[in-house]
Each structure stands twice: as C-alpha cells, then as structure tokens.
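Following this message is one structure expressed as structure tokens.
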Amino acid sequence: METIQFDVLTISGAILLIATFGIVATRGFMDWLNAYRYQSIVLSGITAIIGYVTGIWEIYIAAGLTLVIKSIIIPKVLTYVTRKLEIEFKLETNPYVSIRASVIISALLVALSYFLIQQIPFKSDQIVNAYLPVSMAQFFIGLFVLVNRRTVLSQVVGLLIIENGLFLFAMALTHGVSLLIEIGIFVDILVGILISSILLFRISRTFDSLDVGNLENLRDD
Amino acid sequence: MPSITMIIIGLVQVLVILGLAPLLTGIIRKTKARTQKRIGASILQPYYDLLKLVQKDEIVSDQTSWIFRVCPWVNFAAMATAAFFIPVFLIYTPFGLVGDLLLVVGLFALGRFFTMLAGLDVASSFGGLGSSREMMISALLEPALFLSIFVVAITYGGTNLSTLIGASSNASFLPHPQIIFAAIGLFIIILGETGRLPFDNPATHLELTMVHETMILEYSGKSLALMEWSQSIKQIILFTLMVNIFVPWGISSSVLLQSLAVGFLTFIGKISLFGIFVAFSESSVAKWRLFRIPDLITIAIATSMIGIVLCYL
Amino acid sequence: MFSNLVLFQISILIFLGGALVGLLLRNNRFTRHAIFGSAMLGSVFTIMFSIGVITGKPMTWMIPNVIPFFDLEIFVDGVAAFFLLIVGIVSFAVSAYSIGYSKEYQVKKRTMALGFLFNVFILSMVLVVASNNAFFFLLFWEVMSLTSFFLVIYDHDKEENIKSGMTYLVMTHLGTAFIFASFLLGYIQTGSFSFDSFRHGSTGFPLLVKNLVFIFALVGFGTKAGMVPLHVWLPKAHPSAPSNVSALMSAVMIKIGIYGMIRTIFDFSGFGTSPDFAWWGMLLIAFGSASAIIGVLYAVVERDIKRALAFSSIENIGIILIGLGLSVVFASFQLTAFAVLALVASMYHTINHAVFKGLLFMGAGSVVSVTHTKNIEHLGGLVKQMPWTALLFLIGAISISGLPPFNGFISEWFTMQSLLSSYQIPSTILQISIAFASLPFALTIGIATATFVKLFGMTFLSKARSKYAMNIKEVPRSMILGMSILAAICVLFGVVPYLGTSLISTAFHMHSQPSSPFDSMAIQNSSGTSFANLSMPVVVIMLSSVSIAIFGFIRVLSGNTKKTKYGTWDCGFGSLNERMEYTPTSLSQPIRAVFKVFFRPHNQTEKESFGENPYLLKTIKIETAIKNIFEDLLYTPIVSSFVFFFDKVRRLQTGKINAYLLYIMVTLVLLLLFVRLSNNA
Amino acid sequence: MNALISNLTILLLLLPPIVGAGLVTVIKKKRTIGIITICAASLILIQVLLLVPRIVSEKTITAFGDTFYVDSLSAVILLSVSVVGFVAALYSKNYMGRQYDNGTVDDKHIVRYYQGFNVFLLTMLVVPIANNLGIMWVMVEATTLVSVLLIMLYFKENAIEAAWKYLIIATVGLSFALIGTVFFYYANINANTSEDAMNWTGMVHNAKLFDPNLVKIAFVFILVGFGTKAGLAPMHTWLPDAHSEAPTPVSAVLSGVLLNCAFYAIIRFHIISSISIGPEFSNQLLIILAVISIGIAAASIYFQKDMKRMLAYSSVEHMGLISLGIGFGGLFGIYGALLQIVNHAVAKPLMFFASGSVSQKYEAKAMSKIKGIIRVMPVTGILFLIGGLALVGMPPFNVFLSEFMILSSGFKSGQFVATSLVILFLVITFAAFLRHLIKMIFGNPLSEMKKGEMGKLAIIPMAILCSLVIIFGIYIPTQLQTLIHNASTIISGGGFA
C-alpha cells in the first residue's frame, strides 16, 4: 500500500513538472495558456490525491476551487484581456536565454530544489517528501521564466507558475491551513491577476506593445 | 638682582656695541678698498656720514604713511635693545636674565619687518622689489639661523647668551666637532643677514642687485642715519656673536679691571680681524644671482643639520 | 555672588534668548543690537564662570535621562574652562564687532537668520566644551558644525560659497565619524558613554585600543582643527563666511578641535608615562610640522586676504600641534618639567592664535566691508583712509609673525625652547627627528613674517591699485571696539606673559612659572645653569627707554631740521602711478620660485608685438596659477575612485524588470545555498 | 466584559477607514470626500493615541478570540501608520486639489484616489494587529494591490511602468514570504499540533521545539520575501520607481509606513527564529542585507537626478539601518531600530510633502531645475531643509539619536567591519544627499518665480511632522519610551543581557 501511494505521488509530481516544462519550452501565448491549464488540472488532481491521502474533506473543496479558478477563470480572463492584441505581441520572440538553454536551466533548477530541500526532516511524511521539491522547483522555474522572458504576458504566466507552486507547497505542507486563510490567499491571487490584467491592457494601449523593453524609462543611469 | 657694577658694565658693553658699530663698517669698507687697489675713505668715515645725515633736512615722500616715519626708530630701538643681551668683552651680561639669543633674533626680525613695510610704503617699484627679495631671503635664513642656534644651544647648554658664551669659553675645541659645522652655517647666515656679498652688495645702487638699499632708498636725513646705524649695529652684534661663541679666546671671565681691559682689547682685535676677513672673502666672490641664494642658504642649513646629527651621535 | 553653575546657566539662557530674538523680532536696528548685544552679554557670563572655574573648583551639572539612556552631563574643569575662556573672549569681541558689521545684512534684510545662527553657534561651542558625555558632545559638536555650515553659506547667492560650504560640511562630518569611532571604542571598553567612565576606565584599555582611540581622535579632531592633509575645507569655508563668522571659526572653532585632542589624549585614551606612547607625540609633531609649513606656503602666495588668513590658521594649528606633540613625547619619557613647558607653549599659542586671528579676520572683514573685494591685488593705501583698522591690523600682523614684544613671540619662544629641550629625551632617533622638525617650524616662522608683510603692506600701504580702494571711510566705532579688545589682549599677553602662563598653569594644574609678572621665564639645565631666560616687561622697558634715549640723542645732535614732502623718486620718468607698484603676486614671486617643487606653478604668457620685431611688445599678458597638490594628488583620486565604483553600483538599477527579478532570484538562491552549505560543514 | 471592550476597541479602530471608503464611494463630491478621509484618519489617530497608554499598562490586548493581538511592537507600527495616515490625508486635500486644478486628474480619479487611500490605511492597520500570520501575509499582499492601484492612478506612462514593476516584484517577493510563513507553520505543526498553529502567539510558545534547519530555510524565504516589500537591497528595485511615480501623499505613506509594515513582519519572524535557533543566524542575514542596502543607497543617491527617487533611496538606506539595528541586537540596537522606525516615519513624509509642494511649484522633479527654494517658498524651504538634515542624521533632529544607538550597538556587538562600512556609507550618503538638497534649497532660482507657498493645508501637515522631528530630537515622551522599551524586550525575547 505504502509503496503504491508513493509511486502515485512521485508520478503526479513528475507530471506537474512536465507541464511546467511545457510552459518553459513554448513561445506562443496560447501554447502557454494551454500548458498552464494542463498544469492546473494536474495540480487540482494532486490536491485531490492529498485530500484522499490525508482524508481531510476541505482539501477537496480546494481542489475544486483550483480546477475552477485556475484552469477556467484565469485562462478566460487572460484570453479576454488579450483578445484585441495583435498576434506578434503574444509571441515571445526574444528571450534572454534560448528555449533550449531554458529547458536545461530549468532542469538544473529542479536539481537545485532537491538539493536544497534534502536536509529538512519530513518525519516520513510522504506527501511532503514528494511534493515539496516539486513545488520548490515550480518557484524557481517560475522565477526563471520571469527573469528570462521579455513580454509582459509571459511574465504574468511566470507569476502564475509561482502561484501554482505556492498552492502545491501550501497544500503539501499544511494540508489546508484553514479555509479562511486559504480563501484569503485565493482572493489575493485573483485580485493580483486581475490587476495585472488591467495593467497589461493599459500597457498595450499606452505603449502599443507588450515588450517589457518599453518599461525601462525609470532607471538610474 | 645683579649689582650696580654689573649693570654698569652691562651698559658699557651696550655702548661699546653702539659706538663701535660704524667703526666696523669703516674697517670693512677700508679693507675692501685696499683689496681693490683703492686708498678708500677713512675708517671713521661712517661716523662723519652719520653726523652729517643727522643734521640735514629730510624729504619725505607724499605717498608714505606713519609706518614709513616710524620705521627707523623701531629699527634702531630693536637693534639697540638686542645689544643689551650680547656679552662683548665679559662672558656674561646682567641682562642675560631678561632675554636670550632667540629674543635677539626676534628683535632683528622686528626691525626687518618694519623695513620691509617701509619699502612697500613708498609706492615705488624699487621699494617693492627690495621687500620682495628680502622676504625670500629672510624667510629662508630664519630656519638656517635657528638650526645653527640649535647646535650651539644644545652643545653649550642654553640660548641664554651668558650661559652659552660662558660654556664656550670653558670648553676645549675638539670635543665638539659639531661646532665647526655650526660656525660654517652661521658664517653664511651672517653674510646674508648683514647684506654682504654674495647675497647683497651694500655698495651698489643698481636695481638688479640691491636688496637692502632699495628698501631704504627713500630715506634721507636723520631717518637714513638711523637706518644705516641700526644696520651696522646688527652687523656688529652678529660679528660679536660669531667671534665670542666660536673664538672665545681672551674674553674676560671676571669683573677685574685688568681682565676686562684685556677682554676689551682682544675683542677689538678679534672683531677687526673678522671684519677684515669678511671684507676679503667678499672681495673674492661676485654677487650671486638672486635665485642661487637659496642654494647658499641650503648649504648653511645642511651644515647645521650635520652639526645636529653630530651633537647626538 | 553667583555660583559658577548659575553663571553658566545664565549664559546659556542669554545665548538662547539672542537666538530667539533673531527668530522672532523684526529686522531693524534694534534687533541687530539686541542679537549681538545678547551674544556679548552671554560671552561676558561665559568669561566670568570660566575664570571662576579656573580659579576655583570644577563645575558639574547633570540632568538625567534627557533622552532615553543619555544623561546631559556638564563638567567644566580647568582645561575646559580655559577653552571656554577663549570662546568667551573672542566671542565678546566679535559680537561687539558684529553690531557694526551686520549693518550690511540688515539692509539686505537678512540679519535675523544671521543672529539666530550666530548665537546658536557660540552656544554650541560652549556646550561642546562643557559636555561630559559622548552623546551630547557629538550632538553639540554636530550642531556646531551645522550652524557654522549655514553661516558659511550665508551668502548663498554665490555658487562658490555653497560649494565651499559643502566641502566643509562633508569633511567635518567625516571627522565626526572618526570622533564617534574613537568614543565608541571607549564605550565598548567601559560600557558607558559618560566621559567620567572613559576617564576612569581608560588606563585599563588594551594598548591596541589606546592607540586606536588616539588615531581616531587625531583624525577626527584634526579635521576640525584643519590639520594637513585634512585641511582642505578650511581655506574654502573661512573666506566664504561673513567675516565675523570667519573670525569665530578661525579663532575659536578650530580650537575646539584642539580641545578635543587634548581631552582625548590626556583623559580618555589611557595615555601613560611610558615610551610606548612617544610615537603619538612624534605623529603629532609630524602632522604639526606639515600643517605649519604647508599652511604658510599657501598663505604667502595667496591673493585673497581671507584665504591667506585661513591658510595661516592651518599654519598656526601646526605650531600648536608641534607643542602638543612635544608635550606628549616629554610626558611619555616622564620629563614632566619639559612636558609642562611644551604644553604651556601649545596652549599659549592656542589662546594667542585665537586672539590675533580673531583680530586679523575682523580687520580683513572691515577692509572687505568697505572695499567689497577680498583680492588684495585691488587694494592698497588704506592706511590713510582707515587708520584705526590699519593700526589694529598691524598689531595683529606683528603678533602673528611672532615678533617681540607682542604675544605671538612668547608662544613661539616657548615652542622653540621646547624643541631645544628635546635633547633631554633619551632616544637618539627621537632627538634627531625633533631637531629636524624644527627646520620646518623655523621656516614657517620666517615665511609667516613674509606673509604678513605682504598682507599688511599690500592692503594698507602704498597707493590704491584700483577704484575699490578709493573713496572709502573708516568702519563704525563698534567694529573698531571689537578689534581693539583683541588687539589690547595681543599687547597684554606679549608684554606680560605672566598673565598667560599663570592662566594656563592654573587651568591645567601645573607648576606655575614665573611667579610674578616681572620674574623672568627661566628654563634650567639639568646642571642647574640657566638654559634660557626671558622677561618681557623688562624688554619692553628697554625698548621704550632706548627709543626715548635715541630720540633725545638724535634731537640734540641734529638741532633744528625740517621735513619736506615730495613725491617718491620716479627716476625722472614722470609721476609714478599705481601700475608701477609692486603687486602681491610679484611680491611673493621669489618665494613661489624657490618652492616651485611644491607649488608647481604654471605660467602662461601671451604676447602681442608690433610687427615683426619680437622685442617691441604691444601687450603682454601673463597668467600664473599654482597647483593644489592636496586636491590633485590626494582627494581627487580618492573621490573619483569612489565615484567610479558608485557608477557601477547605481547601474544595478537598469530599468529592466528581468534584471530586478534576477537579483531576487540570485539573493534567494545564494542565501539558501549558504544555509544548506553551512549546515553541512 | 474585558473581552468585549477589547473587541470594541479593535472594531472601532478598523471602522473609520471602512466607513470612509464607503462614504467616498457614495458621496463622490470632490471637497467632501477629502474631508471625510481626513476625519477617518484623525479618528484612527485619536484611537491609536488612546490605545498606546493601554498597551503600556496592559502590555497586550487580544480581541475576537485570538484573531487580533496587539502588543507594544504592534503599537509602535500602529502609531506610525496612524500619524502618517493622518498627515497624508491632510496633505492629500491640498495636493489633489492642485492636481485637479492644473488638470492632471479628474473627478473620477479623485474618488478612486480616496477610496484607495482609505482601503490602503485599513490594510496597513490590520497588518500589525493580526495575530494570525497568514492573515498578516494576506494583508501585506493586499497593501501591494491597493497601492498598485494608487500608483497607476493617472495611467501615465511612467506610472504604469512603475506599477507594473512594483506589482510583479512585490508579488514574487511576497509569494516567497508566504512560503516562509508556511514553513514556519509546518515547523509548528510538526512540533506540536495545536489549533492556533498559524498564530503568532502559538508560534512563539512552541518556537523552541522547531526544527532548526527548517527555521533557517524558512527565515531566508521570509527575509527575501518581506524584504522585497520592505525595500531591502538588492530586492529594493521597485521602490524608487513606485515612490517617485505615486502621488506625493501616497509616496509618503508608502515610504513612511508601508515599508515599516513589511519590516514588522520580518521582525515577527525574526523573533520566532531567535527563540528557536538563537539570534545569530537571523542577525547575520539582517546585517548582510542591511549593509548592502545602505551601500547601494549611498551610491544611488550620489548620482540621483530626480528628487523623489532620491528620497526613495534614502528610504532604502533607512530600512537598511533599521535592519542593521535589529541585526546588531542588544538594547541599543533594537531600541535604536524601533526608534528609527518612528523617526523615519516622521521625517520621510515631511520630505515627500515638501518635495511634492516644490515640484508643484517648479513644475519639475529633476533636481537640476530646482534652485533657490528658500527664496521662492521660504517656509517650505526651511521645512524641507530640516527634514533633510534629520534624514541624514544631523542633530538636534530625531534620527541622530536612533542612528547613534544603532551604530553604538554595532561596535558593542563586535561587528566592526559592518559598522565601519556602514559609517563610511552614511558619510557618503550624507554628503551626496545634502549636496543635492543644499543646491536645491539655496542659491537663486533659475528663472524669475513668484514668491509664494502652496497654501496652508500643505504647510500644516509638514509643520506637524517638522515639530515632531525637532521634539523627538531632544525629548521623547515617557509613554513612547516605555512603549519602545517594551517592544524591544519583545524582540530580544525578554530582557537584555
């Protein structure tokens, strides 16, 4: 029983990572969005697994929320906001590091997460054992996407990856803190995405482009 | 308190200096004339000059201020006061308790300060020229002088001239090799201070060469007399110091009349000889270019520094 | 009548009152009088209580917990009182002077802030000296710097002044940082910021700490005092300030730096009578000599009268430091008598410099206020139009040149005697080095005389060289009064050195010598013979009697002669005009030429000739400038290397959000790795 | 009964901004909403001022069960929030009025501004009193969102850019903060599963049992996360942009208290970590980031051309100093740091207000275009000068004392290298900052300008702050002293060696 569970956990973690790699490896906005949707579905599945393993019913609610918000609402909002944008705005044409190299770096980041987490005692908590490094890798990859990509849209996506990692992390470690806080966090994220969408919209209107290269007026040299 | 006799002897020493000052100038001039195959004026000529100048009317420049008029008096007072502290034929003076060698140097500087101001006061380029050169020379002579005083003072134990000359007259010559260096240094300094060649030619009126003369160019009558006199007092004071410190032979160490007389005579002899020596050495060199003078002073400084090192080693 | 403490409190209240008057009342004649009148009154009380402390007991006062953890501790002992006396005397004279001087500012409607800052400035100096707690010392110290800074930039119409002010403020702040460090070392060792605990605990400091305390204090207080090479602010700030403030800054404020040094060295640094500490003294002598010679070299070639005075302040600080250093050296070899001699020399020069530099700056201020130029190239002939200022300035000039019979001579005599006494030190190396240090010292005195011949001569004598110096009037009586007070002290402290020596020896609790005004100041050899003697009153009697005698003598000899006025001899070329005079630059040209290694002068000549012949010149224009080697070789490289580095750092803010996120990522990863790896080890 | 009073206290404290925001939304009249906001802010201020004595005597207040927890540390932050909130509301009236007059904003903007302002105040009020660290995080994140909206109020290019950077960086940073928070929570449930595992009170109680490795990693995340929000270098990059582009009153609040709120969170976790693994670890990290912050601020201020950016960097410097004080520890360090929080909260808004008035008058933010303020607007000039002098740590103004204490504690704790570096940086900052300031304040204006201030309502808030700057420089009220002392005791984990 134990081993099977462990396998499930590991495999689901791996799938999540693959989904994340999918975001790293693609250029077009719709491709990311799909990858993100896919990632969110996996995430909600993982949440459900956690709920199953721990037997806490609230986690199922969280899984449901994730499914609804992350794989439906957020992609919808982003599509809605960007529907008027020309297609070339949505294409990441010129990242700092090439796609191929990005994938390699992402792999390194995954290794780094495993390395960093190694020493934390888990009291043989398999959920934590399995998902903590994965979520950590999510943060780093998300951050890397933010650092690497040059369009405003892909930065939003980077942010979303981090949020997903965060969610997984919180779930894995805490099995749901308390509903109130959980909802608070959700609302915060949602509002954050909304505001960034407004900003996105404004940026495209003001600068006629979504390249962050336009956002370099404020500097000290 | 020193006794009345001592004070009288002290005052006599002062009068000797004041009185003999023009004579020394006369001797030097006479010697120089002779070396130049001239007969030269009498050695008493400076006295006649002074007397004549005193009795003449004065012409004062309308540009000048009270500084110009006050200068000769300040100068003379400073030099004459300096004379109080110099042991001439006795190894000490009762006024030694009042002032020392550094005060003498200070009084000289006071005189020079006013002379330089007087040179500027007349508003001619001559005066400024003299003051300018004097500023440089005196500024450089000051450290040289202080360093040689340093050697002498720590060798003989004091800047108090009575102590100093007392110690030097007791000392044998050899144990103090540094004294030779101090003597060389001081000699150069004396040439500079008294405006002798190669620093300055007291007998010329050519703007390329003069230093001291330009500053007193506008003086006439008794002011000029005072300036000349105080200059020769300064000269004799320095010569006296030189001979009494480095060649203290014959100087009287007691107040006995006999030894005083001997001291007085040897003093006259020494100072005349030294004057002649200076005159000879002056005849054998030419006036140096103004900007080579620092080199000469540097030599004085260097010798004094060697003297200092020798003092301590 | 009143206890010292009450007098102290009254003086503080009066200064505060003066400051408030400056803030609250209207800009008119009465306010001007009230502001500076209260400064005068406050100074009187300061003088009264400091004399009370010197002759009586030290004064203490404490208000606990004014600010959390810090008590306002006031402690005035003889040393502090001595410096307070200097503050009081000079402030009194300068305040009197300011009544007349600030008229110009009243017209420009700016007396108010001047009055406020002026009073606060004096007050802060009083409180710095009086405070007995590191926190409050630094607090008042910074207030002092700040108020003086505002006074420096008081004429902020000129960009120049603001620049000088900034240099000053930054330098003095840097100095404060060092003072702070010095006090912090004491705090670490004793766990308290009270000077009392420093005083008691300092002997137990480790040697390294003692040395560091000394070094930090030297740098910190040296900056304020204008010690080379930390002096760069001084020749900028002092000329920029209104002249009454320059007088206060140069005469008093830089002395507070000396006070700090003395306090730290003898009280807080655990200085002991052991040869371990001799190098402190040697360092002081080295810096002192450098300051003296470098200060005076810049002074002598300077054309701006106030800058020249400022450089001369650096010189005099050098002389004070030489004395102080000698005292430290002697003390460390337990040559107490000589240590006392050197300390008297140093302190005598401190008070002297305060007096004559105050006088000279006020004199310069008078000149500037009537001629509206600081450049002596444009001046000349003022002695006829402002005879009083000229006379008083002359007294100052004679004093500062170290000529008998005024006060400068006395302190320089003491310093020279201390230098000569170095032969008593039982270390050949030190003996020889100190002897060599006397070379720059003596050179300094020589050049200082030249400097003041130039300053006085070019400003007051001969003919006016430009219209600035024509048709001017003597300054108002209050200004003359202010200067006269200090001039009188110059004379008094020169003629009766007993006043000074007894003041210093009482204040510092040292053996008093001489014991009466007419007694000669004597220095004994170890064998008991007299090394040196000086009795100024008698010298003055001699000088005056000789003058009278010779006057009579000449009078008798000359009979009846007359004086005729006539133009200066012009070599028969027609009347002399001001263009034929010597100018300040040409006057100091020989010295500039001799020290060209130092000045690095560069001359530029432009000639325009008639036709082909190069010898027939129509016009010739010569420009000459000297290099400021400290700024060029020391400060500029340091500042520019900092700037270079900063330029790199600020480029971190590239404007690229990707870069910003990268910083976060890198920081996070580095910190995590740090945790991870430090745990493995 | 007691609990009821406590509940009521907290409720009343949080009510004014909520009601204010509501009224603003309903009324929408330009004049009235300004006054409503001022009323709300002043009600908050009065309540906080009444609360302080209670905290001093009762030490802690809890309300609504365990949801709210106010101790001396919270009270210090609350105090700064309420004071700055009040003066900013006062200043807003004048500032926004003038912006309206010269056509920069319209009615809609003003309504949005005041809504945002009220909500912003509310979130910052909740941060220090939330017992649940999760809620604290939520509220800090909420401050980000509200302030982003306030910054991009006019949709100008630069404002949008600043808002974007702020949003992204702060969100990323705060997600790390959340990771840290959750780690602490995990440590707590691993140590002792209890109901209030996310609560500060519970964590402090169990902190000794936490796993050290976990705490270390968690604190790193907290430090980087909340450090981003608090403006510690090198995560400070959003700060100069946001501060310079926001409307002046918002800049003042951002700089004066928002940073404090974020730093407050760091302090809370620092306490837990200190109890758990000893203070050395977190101290070390705090000192490192502090030195970097102060150094970068020094360099950036030196080259700065824009007035408000310069002030923003000065905030980075001051956050560095606060962090330094906490890191050095000891009574002097911690007390100094808390005092620095208060002092900075007083001095920085003063500077922002003054610079706001100045840039409105000169119609420029570039320092090269501003000269002779003291001639053009003498009162503002003097206030600006005093604020600047206070900020660089000149006595007799308030920051001097706190900096003095912080640096003293640095030597005392044996951190010679860090302290010496910081002293060097501070001297450089001093020089650089004052160089800019003096050039602006003194001299003659570049062009002929009409002499005149920006109106009484602009002067009054500055005058209030300025008098606080001067008063705190020479006298600190006993109540405040006790409060800060108690807060320091909390931070040091009770008592000082």
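Side notes on the structure shown:
Labels for the chains are A, B, C and D, by order of writing; each one numbers its residues from 1.
Definition applied: a residue touches a chain if its C-beta (ideal position, glycine included) is under 8 Å from a C-beta of that chain, and two chains touch if they have at least 3 such contacts.
Here the structure is a predicted model, which means the values were calculated and not measured.
Looking at B-C alongside A-D, one finds more C-beta pairs in contact between the chains of B-C. As a whole-number value, the distance joining the C-alpha centres of chain B and chain D reads 78 Å. Computed from the mean C-alpha positions, the centre of chain B lies at a distance of 35 Å from the centre of chain C.
Chain A and chain D have Cα centroids separated by 31 Å. Per-chain CA centroids place chain C at a distance of 44 Å from chain D.
Within chain B, contacts with two or more other chains are made by no residue at all.
Within chain A, residues 116, 119, 143, 146, 155, 215-218, 220-221 each touch two or more of the remaining chains.
The set of chain C residues that touch two or more partner chains comprises 650, 653, 657, 661, 664, 668, 672, 679. By the document's touch criterion, interfaces exist between A-C, A-D, B-C, C-D. Against chain A, the residues of chain D that register as touching in their complex are 132, 134-135, 137-138, 141-142, 144-145, 148-149, 152, 155, 157-158, 160-165, 167-168, 171-172, 175-176, 178-179, 182-183, 185-186, 189-190, 198, 211, 213-214, 217, 240-241, 244-245, 300, 303-304, 309. Note for the complex: chain B touches chain C at residues 51, 54-67, 73, 76-78, 80-81, 84, 95-100, 102-103, 106-107, 109-110, 112-113, 116-117, 120-129, 131-133, 135-136, 138-143, 145-147, 150, 153-154, 157-160, 162-163, 217-218, 221-222, 225-226, 290-291, 294, 301, 305, 308-309, 311-313. For chain A in complex with chain C, the residues that touch the partner chain are 96, 112, 115-116, 118-119, 140, 143-144, 146-150, 155, 212, 215-221. Touching chain B in their complex are the following residues of chain C: 300, 381, 383-384, 390, 394, 398, 401-404, 409, 413, 416-417, 419-420, 423, 428, 431-432, 435-436, 438-443, 445-447, 449-450, 452-454, 456-458, 460-463, 520, 522, 525, 527, 529-535, 538-539, 542-544, 546-547, 550-551, 554, 557-559, 561-570, 576, 578, 580-582, 586-591, 593-594. Residues 116, 119-121, 123, 128, 139, 143, 146, 152, 155, 159, 162-163, 166, 169-170, 173-174, 177-178, 180-181, 184-185, 188, 191-192, 195-196, 199, 202-203, 206-207, 214-218, 220-221 of chain A are the ones that touch chain D when the two sit in their complex.
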